[in-house]
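The next part holds the structures, each set out as C-alpha cells.
The following pair of complexes shares a single chain, subunit A, combined with subunit B in the former and subunit C in the latter.
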Partner chain A sequence: MPRSQFPGGRSPGAGLRRVSALASLSVGVVVWVALLGPVIALGAHLSYGATRASLAAPGALTPLVVSLESAAISLAVLVIGCSPLAYLLAHDRLPFARLWEAGMLVALMMPPLVIGLLLVFMVGPLTPIGRGLSDLHLDATNTLFALVIAQVYEAAPYYVLGAQSAFSTVDPRLEQQAGMLGDPPRRVLRRVTLPVAAPGLAMALAVGWARAIGAFGAVLIVAYHPQGLPLQIWTTLEERGLAAALPFALLLLLVALPLPLAAYAWSARARVRR
Partner chain B sequence: MLAFDVEVRRRRFTVAVALEVADGERIALFGPSGSGKTTVLEAVAGLQPLDRGHVTLGGRLLSRSGAGRVMHVPLWERGIVLLRQDAALFPHLDVRANLTYAGGRDPARLAHLVDRLELAGLLDVHPGELSGGQAQRVALGRALLSHHGALLLDEPYTGLDGRLRDALGALVRSELAVRSVPGVLVAHELGEAQAFADRLGILDQGRLLQLAPPDEVVRHPSSRRVAELVGYLGFVRTGGRVAAVHPDRVRPGSWPDLGVVLTGRVAGLRPAGVGFRVTLDVDGSCVVYRVDEAPPPIGARTAVTALDPPRFASTDDATETVGADLASASLAPAVPRPVGRGHR
Partner chain C sequence: MARRRRAVGTVTAALVAGILAAGCGSPAGTGAASTGTASTGAARVSGTADVAYAGSLQLLNDTVLGPDFTKATGAAYQGRGAGALGLSKEIASGEITPNVFESIGSAPITALEPRFTTWYVQVAASPLVVAYNPDGPDGPELSRIAKGARPLSDLFTLMATPGFLLGRTDPATDPQGQAFYEMVELAQTALHLPAGTAGKVLGSPSNPTQIFAETALESRLEAGQLDAASAFLSQAVQLHLHYIALPATIDFGDPSLAGTYARAHVALAGGQTVHGVPLVVDVTTLGQTDPAAATAFVAGLLSPSGRAAFRSAGYQLLPPTAFGQVSAVPAVVRRALDG
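Let's look at the complex of A and B:
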C-alpha cells in the first residue's frame, strides 16, 4: 500500500493539523508559564539580605515547626479517618452512595473562610461539642488541636475524592481473584487493593498535604494561635510589608512542595511499570 | 468430589445445572455464547449468589439457597479457583510474584511449571508488558500453583495458538490427575472441550441437554439441538425421522450399508484447509461435507453417504435450525454395496 495517496506524500489536511498542533503547544506553554508566574515573581523579588533578616529573626521559624507538626497530624487523620470512607464510596458499599458523594462535593465547594465561621458554631467553646471537648481537656479554638481541625476540614474533601478515584481504578476482579486464591478481605486490601491504588492514593495524599499545610481561611477564624506559616505570612505582610513576608512564602513553598513532587514522581514511575 | 445443583435467574432464562465431578475427573461444558456456561462456573466459585441450589466440595457444603435458608462460604475459604477469560494478573507484581501469589514457592515445582508454560525469561516482567497469551499462561500457572480443591476454567486458552493450546491442555489434564482434584472447563470451541473432558456437557439456554463422554455426545447427540451445537449441519427427513449429517461423517459416493445415501446438486464449493467444503442441495435442503481432492463441479449431481447418522423424531424440537428446512432426501436403494462414486 502506498504511504500516501497524495503527491509529495502529504494529505491536504496535514498542514492544517501541523498548524493546529503548533497552536495547541503554544497555548500550553503560555498557560504553563502563566501558572508558574507567581513562583518566578517570588524568585525575582526576593533579596538575600531581606530573606536572611526575616528568617534569622528570633522565633521566625516557630510557625514553620507548627505548620509541619499540624500538617503531619492532619495527614495522619486524613489517611486513617478518610481512607475507609473513600474505599466505601469507590466500591459502592454505602446506601444512597450518590447522596454521600454529593455531601463530599458540598464540603469541597464551601469557601474556607465560611468553613472557619461555621466551625465556630459547631465546635466553639459554647457549643455542646465544644463543652464535650472541654471535658476531655481539648479546646477547638486557638490551639494546635483547633489548627488540625481547620486543616482537616479544608483538606478532607480533596483527599476523599482523590482517594475514591484511586480506589475506583482497582478492578474488582483482581480482589475476587485474590479471594479465590485464599486471601481474606483484610489480606486482599493489603496485598492487592492498596498497592494497586497506591499511585492514585499518593497523589490524593499529596493534594491533601498541600491543602492542609497551606490552609488559611478556616485557620484564620478558629486557630489564629498557634501561628502556622500561612498566618505568619499574613501577619508579616500586615505588619512589615510585602518584602518581609516574601521569605516566609518561599519557606512555605519549600516545605510544602517536596512531598507532592515526590508523590508525583513515584506515582508516575509506578504507572509506567504497570 | 465437587457436586452442585445451581439455579441462577437471568434476564432471558434461568440457568439450572446439576453435576457431580469426581476427584481427578474433568468435565467440559460446551455451548453457544450466552448459554450460561460462565454463570455456572461463577455460581460454583461463589461469585454469583444462588437463587436455589447448593454446592459441595469434598462433602463440605459451600453454598445453599432455597426454602428460606441461605448459606455461603466466602471465596477465600471455598478452596475453588476459577480461571477466567481475562487473566486478572496483579499489575503491581512481576510474573514471578504473580505465579507464587498463593503458594508454589517450591523452586523445583515453580521451575517445572515455568518451563511447561514457556515463561522462562519473563519472570521479572510486569503484566503490563505481557501479550494476552503470555498473561493467560501466567494466570494459568498461578491457578495451578495455588492450593485448591477444585479448578474451574472459563475458556482459559483464549488468544493462544494451537500448539500452545495443546501443550497447556495436556499440562492441565496431568495436573488435575496428579493432584486428583475435580476440574470443570467451559468452552465455546468443541475441540477444546473434547480434548479436555472425560465427560462433555452440552449447555443451551441455561439447561444441560446432554452429559456423556465426548465421543458419545458427538456421535450420538441426544437431540437435534445437541446435534446442531456439536456441528451437524444438515438435517434430512428419512423414514419419518430426521437424520443429522455431520460434515466430517460424509463419504462421497453411494455406500448404503454404511448409512444414508443422499443425492443432490452441488450448490457451493470453497477451499477448506487441504481440501474443499462442498454444499449439496438435496431437494432444497443443504448438506455440507468435506472432500480432500477432486470436488464435484458446481451444478453437478452427486451422491454422498452420511455415515451412521443419528436420527431424531421429526417432532424433535430445535430452537435453531442450521441450514434450510428439508423437505425430503433422495434415499439410496436398499442394496448393501457401493453403487458408484463421484458425480454423474
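Let's look at the complex of A and C:
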C-alpha cells in the first residue's frame, strides 16, 4: 500500500486534525488563563513596597512556620491514619463499603465553616471528648493540636477518595499472582500495590497537602490561634487592608505549591513510563 | 469488577468536582438580594441599596430593614456583614463598593473621609453585656448575678478565676473586642475591684486562650463550650442568650459618657493604642451608585418603623443626629432627621 494517496503525503483528514488540534490548544489556553486569573490579578496588584513592609514586620513570618509545621503533621496523620481506609475501600474489604463511601462524600461536601462549628460540639472543652483530652493535657481550642484537627477534617475526604482511586488502579490479579508466588501480604503491598498505585497516591498527597495548608473555614472556628497563613491573610485584611494582606497570599502560594507541582510532575512521568 | 471501577470513577469525578467547587468558608455573612414589587409607603425609587454593615447588624438588616425597604420603595436590597474596621479597609481599597455603610462606632466611617463621605448619622447605641452559659459549672452563680441577687463585682472575681472559660473577639479587628477589653479596665475602677483584677480576667490584649472570631464566639457559647463571652445587648436579645447587663458607666452605650470611656485603652500588636469610644450605630451613604436607593435606605432607618425595628432588636435608641459636614447630608436623610 502506498504511504499516501495524496500529493505531498497529506490527506484531507490531516488538515482537519490540525484545525482540531489548534482549536483544542486555544480552548486549553483560555481555560488555563481563566483558572490562573486570580493568580494573575494577585501579581498585578502586588506592590514591592507593600510586600516588603508586610513581610518585614516583626513576627510576620511566624504564621508561615505554623502553617508548614501544622500541615506537615496533618499530612502525616492523613498518610498513617487514612491510607489503610482508602486501601480497604479500594479492595472492597470493608463491610457496607458503599456506606463508607457515602460518608466520605458527605464529609467532602460539608462546607468547612460547618465542619468547624460541628467540631466545637464534638471536641469543645466541656464535651466528654474535650474533658478526656484535658486529662491527657491536650486542648482542642486555639492550639496547634486544634489547628491540626481542623486541617485533617478539611483535607481527609480529599485524600481518602484520591488514595482509594489510586489503589483501585492496581490490578488485583497482580497481587494474587505475587501471593501465589509466596509473598506474604505485607511484601505484596510493598512490592506490588504501592509501586503501581504510587502516581495516584502522589496526587492524593498533593491534594491533601493543599487542602491542609490552605484550610480556613474550620480553622477560623476552632483555632484562631496559633495563626497560620490563611488566617493571617484574613486578619491582616481586616486590620490593615488589601495591600498589606496580598503579600501573604503570595507567600501561601509559594510554600504550598512546590509539593503538588513535584507530585504532579513525578506522577505524569511515572504514567508515561508505563 | 467493572461495576467497582465505575463506582470508583464516580467517586473520583465527585472528588475532582469537589476540588473545583470547594472554597474557604467565609466569616462574612452575605445577605440574599431581594427585589421588591410592593408599592406602598415611602416614595418608589429605583436601583439597589447595597449595604455593608458591622457583623452584629446582620440579622436586623437582612430580616427586617432590607425586606421592609424593598416593600416600601420597590428598590432592591443586598447586604454584606463583617467587622466594621475590616469593611472600612475593603471600601478604602476599592475591594467592595457598597452605597450604604452601617458601622459600630464612627471611626470606620471617619477613616473614609473625605474621599467616600463627609457625614454620618447616629442611630442607636449598642451597649456591651456579658453573655453566659447557664448550664456551665458557674451557670447558677452567673444567673444570680444576672438577677441582681449577687453584686456585679462577683462577675469579675469569677472571670478572674483560673480555668474560667471566657471568650472575646480580637481587639485588632473588631470594635467589640476593643470595647470589652476596655470595659474590664473601667470595671476595675468603677466597681472598686482589687488591683490587678483586669489583668487576671483578660491576660494580654490578644490572649490566645480567649480570642475567637465573632462567628466562633457566638456558636461556642450556644454550644455550651464557654462559661461567658463578650456580646452586644442586641446579639444577646436576637440570639436569646443569657446575659448580665452592665451599668452605663462601663457598657459603652451612652454617648454622653464618652469622656469616661476614653479613660480606658487597649494597646494593639502593631503599636497602636486605641481609647474607648461609645458603641453607637452610625450610618452614611457612599459613592455614586444608586444614590436615590442609598439615601432612601438611610431615611428608612430613621423612620418610626426603622427605629422601632432597632429597639426590638435590642438597641437603645439615640436622638438621630448628623455629624461631620452636616450641609452635605442628602435632603431625603435631612428630612428624616427632622422627623
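Simple rule for what comes next: the second predicted complex is superposed on the first by the 246 of 274 C-alpha atoms of A that agree within 3 Å, B and C clash if a C-alpha of one lies under 4 Å from a C-alpha of the other, contacts with A are read in each partner's own complex, and residues count from 1 in each chain.
Keep this in mind: a residue touches a chain if its C-beta (ideal position, glycine included) is under 8 Å from a C-beta of that chain, and two chains touch if they have at least 3 such contacts.
Predicted, not measured: the structure shown is a model, and the values here were computed from it.
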| item | value |
| --- | --- |
| Side-by-side fit of subunit B and subunit C on subunit A, or clash | fit |
| Contacts of A:Pro195 with subunit B and subunit C, given as first, second, both or neither | first |
| Contacts of A:Gln176 with subunit B and subunit C, given as first, second, both or neither | first |
| Subunit B versus subunit C as contact partner of A:Gly124, first or second or both or neither | second |
| Partner chain(s) touched by A:Pro184 [first = subunit B, second = subunit C, both, neither] | first |
| Angle, in degrees and to the nearest 10, that opens at subunit A between the C-alpha centres of subunit B and subunit C | 150 |
| First (subunit B), second (subunit C), both or neither touched by A:Pro230 | second |
| Partner chain in contact with A:Asn142 - subunit B first, subunit C second, else both or neither | second |
| Partner chain(s) touched by A:Arg273 [first = subunit B, second = subunit C, both, neither] | first |
| Superposed model, subunit A: greater residue contact from subunit B or subunit C | C |
| Smallest separation in angstrom, by C-alpha atoms, between subunit B and subunit C in the superposition | 16 |
| On subunit A, positions contacted by subunit B and by subunit C | none |
| Residue ranges of subunit C touching subunit A (in the complex, touch as defined) | 1, 4-5, 7-8, 11-12, 14-15, 18-19, 22, 24-27, 82-83, 85-86, 89-90, 92-93, 95, 136, 165, 170, 172-174, 208-209, 211-213, 215-216, 219-220, 223-225, 269-270 |
| For the subunit B and subunit A complex, residues of the former touching the latter | 45-47, 74-76, 78, 80-82, 84, 86, 88, 90-92, 101-102, 126-128, 142, 146-147 |
| Subunit A to subunit C touching residues, read off their complex | 59, 90, 92, 98, 101, 104-105, 108-109, 111-114, 116-117, 120-121, 124-127, 130, 141-142, 157-158, 161-162, 164-165, 168, 172, 207, 211, 214-218, 220-222, 224-226, 230, 234-235, 237-243 |
| Residues of subunit A that touch subunit B when the two form their complex | 171, 173-174, 176-185, 188, 191-192, 195-196, 198, 270, 273-274 |
